[in-house]
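This is the structure, below, for whatever I ask next.
Chains here go by letter, A, B, C, D, E and F, matching the order in which they are written, and residues are numbered from 1 within each.
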Amino acid sequence: MTRISRYPVPSLAELPEDIRARILEVPEKAGFVPNVFVTLAHRPDEFRAFFAYHDALMLKEGALSKAEREMIVVATSGANDCLYCVVAHGAILRIYSKNPLLADQVAVNYRKADLSPRQRAMLAFAIKVASDSAAIDDADFDALRAHGFADEDIWDIGAIAAFFALSNRMANMISMRPNDEFYLLGRPPRS
Amino acid sequence: MTRISRYPVPSLAELPEDIRARILEVPEKAGFVPNVFVTLAHRPDEFRAFFAYHDALMLKEGALSKAEREMIVVATSGANDCLYCVVAHGAILRIYSKNPLLADQVAVNYRKADLSPRQRAMLAFAIKVASDSAAIDDADFDALRAHGFADEDIWDIGAIAAFFALSNRMANMISMRPNDEFYLLGRPPRS
Amino acid sequence: MTRISRYPVPSLAELPEDIRARILEVPEKAGFVPNVFVTLAHRPDEFRAFFAYHDALMLKEGALSKAEREMIVVATSGANDCLYCVVAHGAILRIYSKNPLLADQVAVNYRKADLSPRQRAMLAFAIKVASDSAAIDDADFDALRAHGFADEDIWDIGAIAAFFALSNRMANMISMRPNDEFYLLGRPPRS
Amino acid sequence: MTRISRYPVPSLAELPEDIRARILEVPEKAGFVPNVFVTLAHRPDEFRAFFAYHDALMLKEGALSKAEREMIVVATSGANDCLYCVVAHGAILRIYSKNPLLADQVAVNYRKADLSPRQRAMLAFAIKVASDSAAIDDADFDALRAHGFADEDIWDIGAIAAFFALSNRMANMISMRPNDEFYLLGRPPRS
Amino acid sequence: MTRISRYPVPSLAELPEDIRARILEVPEKAGFVPNVFVTLAHRPDEFRAFFAYHDALMLKEGALSKAEREMIVVATSGANDCLYCVVAHGAILRIYSKNPLLADQVAVNYRKADLSPRQRAMLAFAIKVASDSAAIDDADFDALRAHGFADEDIWDIGAIAAFFALSNRMANMISMRPNDEFYLLGRPPRS
Amino acid sequence: MTRISRYPVPSLAELPEDIRARILEVPEKAGFVPNVFVTLAHRPDEFRAFFAYHDALMLKEGALSKAEREMIVVATSGANDCLYCVVAHGAILRIYSKNPLLADQVAVNYRKADLSPRQRAMLAFAIKVASDSAAIDDADFDALRAHGFADEDIWDIGAIAAFFALSNRMANMISMRPNDEFYLLGRPPRS
């Protein structure tokens, strides 16, 4: 069987109860356990912090739609050449956006994607946080405000890009493999 | 309707006979006309040379399988952030390789793809031709020979990478849009 | 007064009890509250996840000494041009290493720092995770194993580099300002 | 004798008739056969497509003067560190521009060359197509239109840059050597 | 004892009289001989030219304050990852600016430093001279003039950045080690 | 008349006697005054240090031939896109090497130039000093020693690359224009 991580992958039985519970509630929605759960469970404390952080950013209320948050993930993961995150979050973006084309567009080049100018500005900022955060200055905030983003929205954009800077590096380091199911998820049935 | 090019797209009726004939034979196989044909037909002489070059590299006999040639296209087009070529040739790679996962893997990071060491060496060379051709030297040729590639195979690898350096730049410049059909082609039916 | 963040900084009184408690126990050791605590407390849920993650990586037992973990933080934060982390963790590195010169050396160029070959290999890997994680492959793991690092140590090195990829981007985005106290901490008294 | 290619160079006698004819008509103008002809003739089908493409772009009518087309070749070949194209097309640029200094200026740094602002804008676009085509957007087209370029002229500029992206990579890969004659061509006789 | 250079370091006794005299007058101010003097004295003629150049730029009268000149040195040396110059000139910057925080700020990221907009523009130009001098054009001069810099001031800024491009490369090549004393110089006594 | 510098260019009559004398002895050899002399004479003290440094490196005895020193200048000036130095020192390299092709080869891509392996190693080191000096380590010295370079020769190579890092930046900043004469110097008469 193909390895899904350079590191040992725990079985559900050996996991602490809270982590097992967390993992077991995922398939109810997705139909399978995404590999990020079982591969990161190799380190329970880091697992707990990782998903607490993820949920704080991705599940919270706010002006950014769920699809827009996933756009940020997919665009910055593309910039970081992270296979797991492009494939897994590409699937989630297809589902949330109900647009089967958008994820592949955003992963390769958000400038050519079917986006609004506001979304394009959002992704330009996210890519700058991902790739050149030391150069961020007032002009970058002004550009987003001109598109109607509040400062709290800008925090959300930057924080998602920052969190996936972490996530992409972990996935690249351990060679985390995306589940085969993700590649097709959210794509229309073939006629 | 979404534009498929920054430039005017000729109708089949206005095209020279040889170009129309060439375009009309494509849908027999694919079921639709890929946008690269009609968008580049805006310049008939360049169209003829482009497809003559394409066919000389992609349809010829040789040690590289058709799937391997498409791997080179997808990997270098990913490095060049070319949406059209990643999506269109990703579909062709899925079909030729009969592997529905490979194209997405190669587009994002060939190092994490389900490839043989020989194929990985092939793509490392192709990426160097695409991104830093001035630094190619004897050691690069020796590395491929160690994997059993003949010098004529190496020409093929490099020439495909070089041709898509051209193709990617044209597609990026005119904002060539991939046909919607490509995104799903070669993916298995959803159960 | 100089701003320490682009975003509102909550007073201790307005913070949730658990966050206030966590912040109040810091000055017992340091004598002041590092700005990372009060600036990130603007977002309580993210605060909790951030410090849970930080503690899981930086306070755990393991083969890496506390000073070595801080070396990873300082070297990668230097590569990311993150003022807060270079100054704050530079201070902590001076204290843990009992070497008043090491932090400035590692922040500017770890190759010129007073380190063992094993530590230099550790930082080369950390910098690769920080700057080019998509290219990490077996050879990088082998290089560390040759210096006696176990695979779990390598996870630690990479995970710290990955976590500070997040931390550096947050600090750069919100313009987090290091406390003035950090600049002098761990330096010997002047004669 | 110095090799002019890593690959076998066919003699005129062994070449297909159409390629031999094409090659034989060159020296009538130049007085010698440029090495690009005999080195690429190693692959007749690619040769035919290469020169058909070249002629479609470089010999056509249009708003760009012949000298301006060669400026694009020399500037982008300089950016790609391609010895053959800088030296050979540098010679052609000297001849077409009747300016013995311009080619060396453009090859090293077009910003310091004796050019009009319109030509400088043309080369800035060409260099962007050569080096960062994924980032090309409406603003780049607007900048050229402001200098009076029609959209068809912009296609010409970008297509020449794209074609020499291919040409430079082939020359770098096979170590194509410029004919000694090119170095002096178009330079004034020394007094 | 730790080596301060890859190359032999002459004793004062073996040095030519003028160089010994020059070196001996330094400690009167600093209290110790900075390693740049004795390590570069390995090559007396280059030593003389180096310090003549240094003094012409750093000791002359002009609109730039001594602290501002050191800011240029520290910012560009940070961009070049030069340990000697960041540490040694960081100390001098602390002394001239009477600001114990500024040197560390400027070395890591001048955009986050406690500077005036005029000083920030000065350092942006200096960094461009250090990192991308071929792209300098009229707009860069205009930006500085808008902040009140005269053209002679701009020469000073650029010339200091250019001189330390040399200095940083020499220090990096010979692994010049900063004197331990520099790390603490100009920092306030710890209470 | 075309400007040769952004800054005022002093006439010989207004220059200090020593600088005028220095400048006047140049044409005896070259037949004209290279623009670097009169443009840098705008700052007499910097002029004196600049040429003292230049002469210390370029006129001294040593294992590197005069042609080899100029190769270092041309290769690193090419890497820095410095028009003045590529053109002026290209002429000098043609003269010293008695090879009319070498300068253009080295300026564009030293890997394709007619050089010995020893000279290629020399230029690889020089380019690393020019472009990434912080990464220089023992392995770089070992590589040159394997080609028979003594440590004093390595200093020469690195110091020339470092000095022209300064020179290239000054020329780029002030838009120093090469004399027209340089373009043809050292090229054979056309038959």
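Keep this in mind: a contact is a pair of C-beta atoms (placed from the backbone, for glycine too) under 8 Å apart; a residue touches a chain by one contact, two chains touch by 3 or more.
Because the structure is predicted, anything quoted here is derived from the model rather than measured.
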Show me the overlap between the contact partners of chain B and those of chain E.
A, C, D, F
Going by the touch criterion stated earlier, list every chain that contacts chain E and also contacts chain F.
C, D
Mapping chain C onto chain D via their CA atoms needs a rotation, nearest 5 degrees, of 180
Comparing residue numbers, which of D-F, E-F or C-F shares more than half of the contact pairs of B-D?
E-F
How would the chain D/chain F interface be labelled, same or different, where same requires over half of its residue numbers to be shared?
same
Can you work out the whole-Å distance between the CA centroids of chain B and chain C?
44
Chain-centre distance (mean CA atoms) for chain A and chain F, in whole Å, is 51
Take the average of all CA coordinates in chain A, do the same for chain C, and state the distance between these two points in whole angstrom.
24
Check: chain C positions touching at least 2 other chains come out as 81-82, 109, 134, 172
Overall pattern in which the protein chains touch one another (line/ring/star/complete/other)
other
Report the complete set of touching chain pairs.
A-B, A-C, A-D, A-E, B-C, B-D, B-F, C-E, C-F, D-E, D-F, E-F
Contact set on chain B toward chain A in their complex
2, 78, 81-83, 86-87, 100-101, 104-105, 107-109, 112-114, 172, 175, 177, 180, 183-184, 187-190
Once bound in the complex, which stretches of chain A touch chain D?
109, 111
Would you mind writing out the residues of chain B in touch with chain F in their complex?
134-135, 137
Mind pulling up the chain E residues that touch chain F in the complex?
6-7, 42-43, 45-46, 48-50, 52-53, 56-57, 60, 80-82, 129-130, 133-134, 136, 141, 151, 155, 158-159, 161-163, 165-170, 172-174
